[in-house]
Amino acid sequence: MGKEGIRYAAKVSLDKPAAEQDCLHNRWHPDVPSYTTIKNNEVVKIECVDWTGGQIGNNDSADDVRDVDLTRIHYLTGPFDIETAEPGDVLLVEIQDVQPMQDQPWGFTGIFAKENGGGFLDEIYPKPAKAIWDFEGIFCSSRHIPGVRFAGLIHPGILGCAPSAEVLDTWNKREAELISACSHMDRDVALPPEPKNVHAGNAPSSIKDKIGKEGARTVPGRPEHGGNCDIKNLSRGSKVYLPVHVSGAKFSVGDLHFSQGDGEISFCGAIEMAGVITLKFTVLKNGMSDLAMKSPLYIPGPVEPQFGPGRYLYFEGFSVDEAGKQHYLDATVAYRQTCLRVIEYLRRYGYDDYQIYLLLSCAPIQGHIAGLVDIPNACTTIGLPMDIFDFDISPHAKAEKKDLGSCAKVGGGK
Amino acid sequence: MGKEGIRYAAKVSLDKPAAEQDCLHNRWHPDVPSYTTIKNNEVVKIECVDWTGGQIGNNDSADDVRDVDLTRIHYLTGPFDIETAEPGDVLLVEIQDVQPMQDQPWGFTGIFAKENGGGFLDEIYPKPAKAIWDFEGIFCSSRHIPGVRFAGLIHPGILGCAPSAEVLDTWNKREAELISACSHMDRDVALPPEPKNVHAGNAPSSIKDKIGKEGARTVPGRPEHGGNCDIKNLSRGSKVYLPVHVSGAKFSVGDLHFSQGDGEISFCGAIEMAGVITLKFTVLKNGMSDLAMKSPLYIPGPVEPQFGPGRYLYFEGFSVDEAGKQHYLDATVAYRQTCLRVIEYLRRYGYDDYQIYLLLSCAPIQGHIAGLVDIPNACTTIGLPMDIFDFDISPHAKAEKKDLGSCAKVGGGK
Amino acid sequence: MGKEGIRYAAKVSLDKPAAEQDCLHNRWHPDVPSYTTIKNNEVVKIECVDWTGGQIGNNDSADDVRDVDLTRIHYLTGPFDIETAEPGDVLLVEIQDVQPMQDQPWGFTGIFAKENGGGFLDEIYPKPAKAIWDFEGIFCSSRHIPGVRFAGLIHPGILGCAPSAEVLDTWNKREAELISACSHMDRDVALPPEPKNVHAGNAPSSIKDKIGKEGARTVPGRPEHGGNCDIKNLSRGSKVYLPVHVSGAKFSVGDLHFSQGDGEISFCGAIEMAGVITLKFTVLKNGMSDLAMKSPLYIPGPVEPQFGPGRYLYFEGFSVDEAGKQHYLDATVAYRQTCLRVIEYLRRYGYDDYQIYLLLSCAPIQGHIAGLVDIPNACTTIGLPMDIFDFDISPHAKAEKKDLGSCAKVGGGK
Amino acid sequence: MGKEGIRYAAKVSLDKPAAEQDCLHNRWHPDVPSYTTIKNNEVVKIECVDWTGGQIGNNDSADDVRDVDLTRIHYLTGPFDIETAEPGDVLLVEIQDVQPMQDQPWGFTGIFAKENGGGFLDEIYPKPAKAIWDFEGIFCSSRHIPGVRFAGLIHPGILGCAPSAEVLDTWNKREAELISACSHMDRDVALPPEPKNVHAGNAPSSIKDKIGKEGARTVPGRPEHGGNCDIKNLSRGSKVYLPVHVSGAKFSVGDLHFSQGDGEISFCGAIEMAGVITLKFTVLKNGMSDLAMKSPLYIPGPVEPQFGPGRYLYFEGFSVDEAGKQHYLDATVAYRQTCLRVIEYLRRYGYDDYQIYLLLSCAPIQGHIAGLVDIPNACTTIGLPMDIFDFDISPHAKAEKKDLGSCAKVGGGK
């Protein structure tokens, strides 16, 4: 009578390479073998490694960030077969809890080198950097960014069901077209299938080879299934509605974040961590048609940290780039400008730009589309919660430069 | 002892053409004559016409929207000289209240014809349409979009200080370059100075001619001063920090909105109205340098309607357009897709697409940047407050088609 | 087509004695003549005088508070007949807006003398005092309590439907019994019917005499109909469900408050004002039985000022009185202690006790029942929003005494 | 470098009688031996048993509630010496997290028999009853009260520092006076020291005897130190400021609640559980004088479940008791009436009264003091969050009786 502890559908080891664990995989492909089966309406716990599979250490050097191997990332836990799920259904996933690993109460935020991963501001800030965050119950703080502390909005960066062969084919074609069309650009615009370091649970080598050749990379979210949406609000108590494309759904989850700002701008921008997530799965038969669903839906949980609207300082950015060039209704350009405005503002207190870049990536900032129709300017805004600072950053208080240390940089030394 | 009623710095007439009122103007230019002077730290009331200057009627036809004359819009009240304000200062504007005109408790939302103004979705929805909203205290509802009702987040679409000659010159150059660079596109990408129907208060004709030739159009917000930012949260109780570029600041305000969604997607997308705004002006000497300010800042007020996070239904959109083409980290494309996802969802209840397009423009939807670094997909989200509907739109309740009428269309007839 | 301005169901004059205005009355009695009729589902505006009927002036002396004539108070606007309302129905009143009078943007908070009205702390603070509040849009501030400013949670202190003869009889009997049982106490415990200064609209003198003899005083709220509930959250956007006891409902409203704290502890503790309220009336047939209703229900509106839970400083009080005497689960004693704890805390900044007593009465403090079962101690709490102060009152910031002036006292002089 | 898992200052066993565990005690007394020492500014985890020490089982009978031994309750973990804390200091306790025991994801709410513990409504509902709650991550639901589910506002019911001998003496005297003064009442009004089943950690028998004779019972909160305040908002992220009366502070904590409503009306009214709490301790030297502190202060955390003000249904109660007798400004009587109003309302859906009584005790209801000065009526309100129900309980939706089972009762059987 009553419940025992909740069943673990998968446990990971933090001491063993991710590539050797059967419950993990790092490509989206319908043929990744199901790790185990979960009942409809069942609640389970699932453990996840951090998205780099343990490549980043709790130390004061960014050498590990500089050297990160991007073919060995995004190890997801799963896939899981959900009983009764069939293509055309919707899988309702309730995120009942997310927690860091009990024995590893810390996480990291990284700025990747422009030539190895990069990020939203890499033209301006091309060097690798890192901040380590210590978890104190619901709060976190960092020795690399003193003066701030906030409650986590813990969430999975990635969750989704496997693509069907047809969906996968669509992805590969349209992304290949983009790569082809952008061959003149000096940067990666998308990542094609890559056999190197593919991991597909306990798939036999023939299947694994196939997955290496065809499997979609896990970096982008995609409209048909969600995936790496990096939506900061998919936190405790939220409900996510996911399209099902294959029999059993083949659900996977990973890339847990202790906190993230809208945009996750430094790419490895959330507070990345290993942890455990408690999920309830419910199959909604024929849900895609009933809900007219082409992309996932979600409803946030009721326990998001709340500061009150008047405790946010908002910055505005427009689609005029840093060289003064006017762009046409380009919200991406506008958001980059908004980020720069925050950096300029916070720099006044003694933070260096890399510290702020890291902070904007992981703190619970609100990134809004404000106006997208007033030609030629898109306008976006960023709301910075003033209460995460232990000094007064409101415009009416005089800014004084302090010694605020520095983030971890290449070569180390705080 | 004690206060009398608050002084009106400007009153408008709703019965007289906007172009004949000395307290109005419709270009940004340093030479528009100051209408009157306001003291530092003074609180005043300022009346504003609706942004079309009364071209749209409270009726059931969209003919007026189709025929709107876009050279006769955006009549702003002002400019006002604020005592002691000098270039380099910041003008702190506290929005103490905004109200519709007592005798005109209604407003409108319009979809402009693709060939006359257009909007964010005009490739898909090119026809003119309109909804009239009746104000019921803090709430509004529309006979053209039955089943919804919400509290207004009343705000001015436009506020800002005049550009200096140098700033104006920068604007004109960079927008001209865009126009020139986009000459192959079949649509306006920016609006150059336009002498036709210029209005500059009581400026003598020589000045007015100059303003017509050089004055910046009021449609876009611009980073240097704000302007038409269309930020829905600049509502009661908010504080806005504006850069000052000319002596006296020459502050103007207009384009009042009873409510607006993030993006204001149908262009005339807010609930447009005439009304009165109560403002307090405070000059922060040397504020631009002290605050390292390149674009306006603001802090929202404490009385925004609050629904609780769990009362929003969120939709996701990605930078894959409706033709299936992959774009590179394009938040504008992603936001358009997000809008389409909401339309597909709400269509299930019997709304027609134009009704939903109007609703998305003016209801207090939250438009967020979610992810902007996971190549190649940008991801944006829209949070739709479920409590604005008088029926249950949550995914767990079965959708039933109802007769939900229609918005005002060309030729009229509800 | 469309709406004109909203109809006024009653207008008051601030220049004429309340006792001479037909739309006002100051007793609850079924025979007060209906002032006018309002349709079911109609929206109307109703003007109200302040609850003292203009006895208190905007000045720096508390002489008027000391001398207030308590037989000439609580002039309510109405009663209004609501079409179709019958006994047993419920009258749903939606408060669509409440505003101060345009030309009188100020209000007052008073501490009544112990021997003339008194208040919750009159054993400790027996002297009259007053604060005048200036309205600045949604905000208010007072020259008598410097350092604080907050958004109003504007609401009517009193609204309700007339009692039937039976209900009135019940009231008179049970309150007479209390008066009789408490005859040994040195203070009024209830107010019996009082013919002096009775006002009953345009009732002929015979009816007026009857009302004087039988009419219930307006001071207390009462379970059967609501009345003077002084619930701070009945603000813009809220819905109130009121029992109907007589044909036509005979609804009345008055005693508008710009703001009030839970408990309204100084009796004249809200920020009292004259103003106009916009109401929609809907009759729910047979509602009392359908809703099993013995006392009013309400649902607050969505625009309450929100500070975030972490922006409140909470004080605890227990049912041990200031003499050290233990009381048994007495929440009233506990709440008095909680109030005293706040006074002791805020006194450290230089406020005098009367200023704090006034502030606690009118600022949006949250008064909670915490524990009521842990014998012998009841525990209540008060949440003080820290953001209403323009200096930091959090416990971690050192308190420094400032010159914070004083409230208006007898004899005047700031 | 970086943090390991957080240190446990005390662990409890759920398989061993509470009375045999050295880290537990069940009286307030300065001589209870310190269990261990915690550094100033240290973060530790502390495990706690449920307040009955395991007397209540996860089953469908209320026999265990009927038979509960009230001398064997409130086993607190501690006391802990905090380094540097001295009398006159304030101990700042930050509640960084609270969680149920991993392997025991359930809790209980009980209605005690009138003759064995009783509760706020025991005159009306004298029989024992129980509900078992299953924890699903941040949510809970009960097979004994179907149709409701909510996020926990997890908190400790009891925390405080030990009294000094003088403070203890004050307590014993004033409570003895109450007991003496109320000897005519047919119920316990307070609990005097009780040697039976005293537990004092590993105290030698002479000390234990002394504690038995003098030690204050843990049932009530008390103004001088806090104790059993049962404040539902002392949840994750909150900060509590506690007076220190003895050297080392001798801090204790226990009686964890997964959720509780304001008032905790059924006495064993929270969702009682065993669990682990993460606390940070900071000593504020001379804090009692600096903060003018007579009773604890607290600041809630930022992650309280938020529903939006318009999602609460509020009930009003007045100080007229259920027999129709008028009481004088008695908030306790008013709150009882408010509770009864909720019961009458929810009964319409098919719940039995005992189910609702349990629900009101443990669900996150808001209990407010509304008016306390309008003689003779006190008015209190209860805000019931409508979103905890899986059907629509708003007044506009027709109530239909359902089969909603029953709570656990004596003799069992669902």
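As written, the chains take the letters A, B, C and D, and residue 1 is the first residue of each chain.
Convention: a contact is a pair of C-beta atoms (placed from the backbone, for glycine too) under 8 Å apart; a residue touches a chain by one contact, two chains touch by 3 or more.
The chain lineup, named per UniProt: A, B, C, D = Formamidase.
Model, not experiment: these values are computed from the prediction.
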item	value
Chains contacting each of subunit A (Formamidase) and subunit B (Formamidase), listed by label	C, D
Of B-D and A-D, pair with higher C-beta contact tally	A-D
Geometric centre distance via CA averages, subunit D (Formamidase)-subunit C (Formamidase), whole Å	32
Length of the line joining the C-alpha centres of subunit B (Formamidase) and subunit D (Formamidase), rounded to whole Å	51
Chain centre separation in whole Å, for subunit D (Formamidase) relative to subunit A (Formamidase) (CA means)	39
Contacts with 2+ other chains: residues of subunit B (Formamidase)	237, 301-302, 304, 306-310, 387
List of subunit B (Formamidase) residues in touch with subunit C (Formamidase) within their complex	1-6, 43, 58-60, 95-97, 102-106, 132, 134-139, 151, 236-237, 278, 280, 301-307, 387
Subunit C (Formamidase)-touching residues of subunit D (Formamidase), taken from the complex the two chains share	92, 119-120, 170, 174-175, 177-178, 182, 188-191, 219-223, 226, 228-233, 237, 241, 262-267, 269, 284, 290-302, 304, 308-310, 312-318, 320, 324-332, 335, 337, 341, 344-345, 347-348, 366-381, 383, 394-395, 398-399
Subunit D (Formamidase) to subunit B (Formamidase) touching residues, read off their complex	306-311, 387, 392
